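Two complexes come next, and they have one chain in common, chain A, joined by chain B in the first and chain C in the second.
And then the complex of A and B:
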């Protein structure tokens, strides 16, 4: 016999499912519709690689994602390990600064960024890849939480002392002893950062760089289906990334997911 | 001396954060009260004129309504998820989808709704064929109503993500204790669970408010003309420096955004500390 409770639950699942899945279905439908001749066409999806501007923008965004992950890991992992081992007095400050981007909106950062970027472009040249610096700051809260959870679950002090007493330098200790033990946290931080960078629009568009999201909006003014196809592609890519992450960290007690 | 030496490896981190986060923020604050090196409240005063005030009002309306809608619906959805088995594939899939929609959607969500209820949207065409009525007729999708719909679409998943830990913090023993003392399920929820969850719920409402207030990408992709809300007014004053007859007005608008978000987040932190006492 089916209880009233499970009927209500079932109905709620269906309602939420419809609300969240229908727009995604509509994107798939819309992006494969042939507006001129009727029927179906894969043209909008083919444009993702054949449209030169869009393809270039995808490459820029992917490069930015890789650069941001590398820079974030190089900057954050040694800092967080060092704070725990040798400079615990700085822990509060590091945590505060890492979580600060949650309180200071990206829009505010970009308004105040002009003078800083005059220097950056003066020193490094005019390139969309210079966005890496700001993106590292934008992904800090997500990365900090993931890595912090992983570091809390190991006995860092003992590991580091063991490695050091066997003659390892700090670089070896961090890369060959600590990092393999916090692999799940590093992976979470990397995946989440990739998803953030690929979806970032605010800073790129107001700084005038043509990343994937900026290009999607530009194309949307003349070619709706292609923009919708590219949007759906980024959503599906992000979804796949996070689902793989959740499967890879399966069975772990610690929370390594994306929480604000 | 040792402290200084031990602090050195932290320098690169502090340098990057100072240059790309602190300096931009300080620039915004300072530039909104210093015009050409002279202290002046001219830019801040302009915040209290027609366009800026109505943008602020619309932003508050949009953020408050979607925070409440998102929090109520999201809490129900979080409860649905928590009461399903913790390792199930359904749960992983739903949570991953929630993360994507809540945090990385941005521009894509605007196009999702253009494809659904826009002029040539799938739902619009269905309804037109079935009843002849044009769902997208008045262009409501590009106004405040449309923004409320699209924002709710990312607020609900965010609520799910932030509220699940609170729901999971409710211990089974508390329900058992209540039931063994003769409480009905309804009495348990009214007397035990809801009072325990209230600080976390209110905290989540504030977080959702700040999230909607600071959101830019979705609105920017959806609304290309006019600046009904604060983030879009900031865009307008950045893109054409002399909008509203004021250069550098973007600084004052950004300061206004910092102030609102900071107040909301401070209240959020207070509530979280309160609920952490119980739901650790």
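And then the complex of A and C:
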């Protein structure tokens, strides 16, 4: 016999699914519609790789995502470990600095960084990849929280001291002992950063660089289905990342007992 | 013995205005197990961490086998350490944990795995190499930590209250096992603990620390029988403080006269008398009265109020204590080679 509780739960799941899936379905429907001749076409999806400007924008955004993640991890992980082990008095200041970008509007960041970027473009050229520097700052609040939660779940000092007493240098201690035990936090930080970079429009647009989001808006003015296909592809990519994150961290938690 | 000599000389460690170590000097013989005993905050763990290279002394030197290692980083000191907190790497199996130090030393995989298996056999956990830390009990984790520390054949073994997180039964078993393994491998060992029974049971010599200083360093029996200071006497064993009068090297207390140990003050003072040195005899004409009797299993404690009002605790076999009840008239004696008398 089906209880009233089960019915309510089922109804909530259906509502929840519709709320999230219907826009995706609508996007998929629109992006495969042949607006001129009627019927279905995969042209908009094919354009993701055949449209040179869009393809380049995808490459730029993916490259930015990878560079941002790498730079963020290199900057943040050793810093946070060091602060916890050697300079706990600085934890509040580091946390404040990392969370600060959340409170500053993107427009203000762009205006504020204009002078800095004059030097960046002078030294490194006009490449859109120079956005990496500002994106590292933008993803700091999300990455900090993910890594901080992971570090809080382990006895960092004891693990680090045990590794040191067994002959490991600092680099080995971080890479072979600490990072494997905060792996779920590192993955969370990485994937959230990718999602933020792939979704960032304001800074790239105001700075005059053509990233995927900027290109989607540009294409949307002349080719709606391709613009929507690109948006849906980005969303699905983000979902896939989160799914992978969930599977990987679940496997890791089962193995080590680390909880986040 | 394959151990090396360790010398901590005039170590001082300041944390702001707090003096965690205050001129600690400790020389350990090769292969010796020295226990540092003291209350929380006395500086014993600080001394161990400075020896390990995990903390830096404000002044003083640390030398191992005659070489000054004061400025050498922890990972170069070649010392195995077992921590108070469980310190196994959660992402590695037991076998890989034990082999970790050997990997850091560039040993070939076959060599390090066979050595790790050998160490696990030594601590009686040869069958658990494939497990993860979370699948082990606390006692097993500390055994693995001991195997991991010994696998690298350290010059010095450091044990930082390794038993304090364990329950009483496991603590006793592992304590004996640590001593057995230490004697077998002959590594010079520093064992830090706040448990006097633990220190007396495992160590060749026990150092009692107080306020960053070493109050006394002696063999367990010597330390117990002849405490050098009132603090040592008080910390190592439950002590009675009985009013006494010292004159000519003899102390008069409870109507008796016993030798006064060196360090005793002349004149009026308080004699430190261990409960097991106090004798109680049923005597209807006695001037002391039994206040209470506490049964503790094999032994019992009998608390007696003497004629002068001083309260004395006697410890005896429960079979002997059975004859006493609160209110009984008794006579109290002291059966000791000597007592330490401190100023009142």
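Throughout what follows, the second predicted complex is superposed on the first by the 228 of 260 C-alpha atoms of A that agree within 3 Å, B and C clash if a C-alpha of one lies under 4 Å from a C-alpha of the other, contacts with A are read in each partner's own complex, and residues count from 1 in each chain.
Here, contacts are C-beta pairs under 8 Å (C-beta built on N, C-alpha and C of every residue); 3 or more make two chains touch, one makes a residue touch a chain.
Only a predicted model underlies this, so the values are computations on that prediction, with no experimental measurement involved.
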Checklist entry - In the superposed model on chain A, is it clash or fit for chain B and chain C? => result fit
Checklist entry - When the two structures are overlaid on chain A, which partner does A:168 contact: first (chain B), second (chain C), both, or neither? => result second
Next on the checklist: One more residue to check, A:116. First (chain B), second (chain C), both or neither?
Outcome noted: first
Item to check | Partner chain(s) touched by A:217 [first = chain B, second = chain C, both, neither] | outcome: first
Item to check | After superposition on chain A, the shortest CA separation from chain B to chain C (Å) | outcome: 11
Checklist entry - Considering each complex separately, which residues of chain A are in contact with chain B in the first and with chain C in the second? => result 255, 257-258
Checklist entry - Hey, which residues of chain A end up touching chain C in the complex? => result 154-155, 158-159, 161-169, 172, 177, 180-181, 183, 255-258
Checklist entry - For chain B, which residues are in contact with chain A within the complex? => result 3, 6-7, 9-10, 12-14, 16-17, 19-21, 23-28, 31, 73, 76-77, 80, 83, 87, 92-93, 95-97, 99-101, 103-109, 111-116, 118, 120-123, 153, 156-158, 161-162, 165, 207, 210, 214, 216-217, 220-221, 224, 231, 234-235, 238, 250-251, 253-254, 257-258, 261-262, 265
Next on the checklist: For a test of understanding, state which residues of chain A touch chain B in their complex under the given definition.
Outcome noted: 9, 12-13, 16, 19-20, 22-27, 29-31, 35, 75-76, 78-79, 82-83, 86-87, 89-90, 94, 97, 100-116, 133-134, 136-137, 140, 195-196, 198-202, 205-206, 213, 216-217, 220-221, 224, 227-228, 231-232, 234-235, 238-239, 242-243, 245-247, 250-251, 255, 257-260
Checklist outcome for this item: The answer for chain C against chain A in the complex is residues 52-54, 73-81, 83, 85-91, 100-101, 104-105, 132-134, 145, 148-149, 152, 158
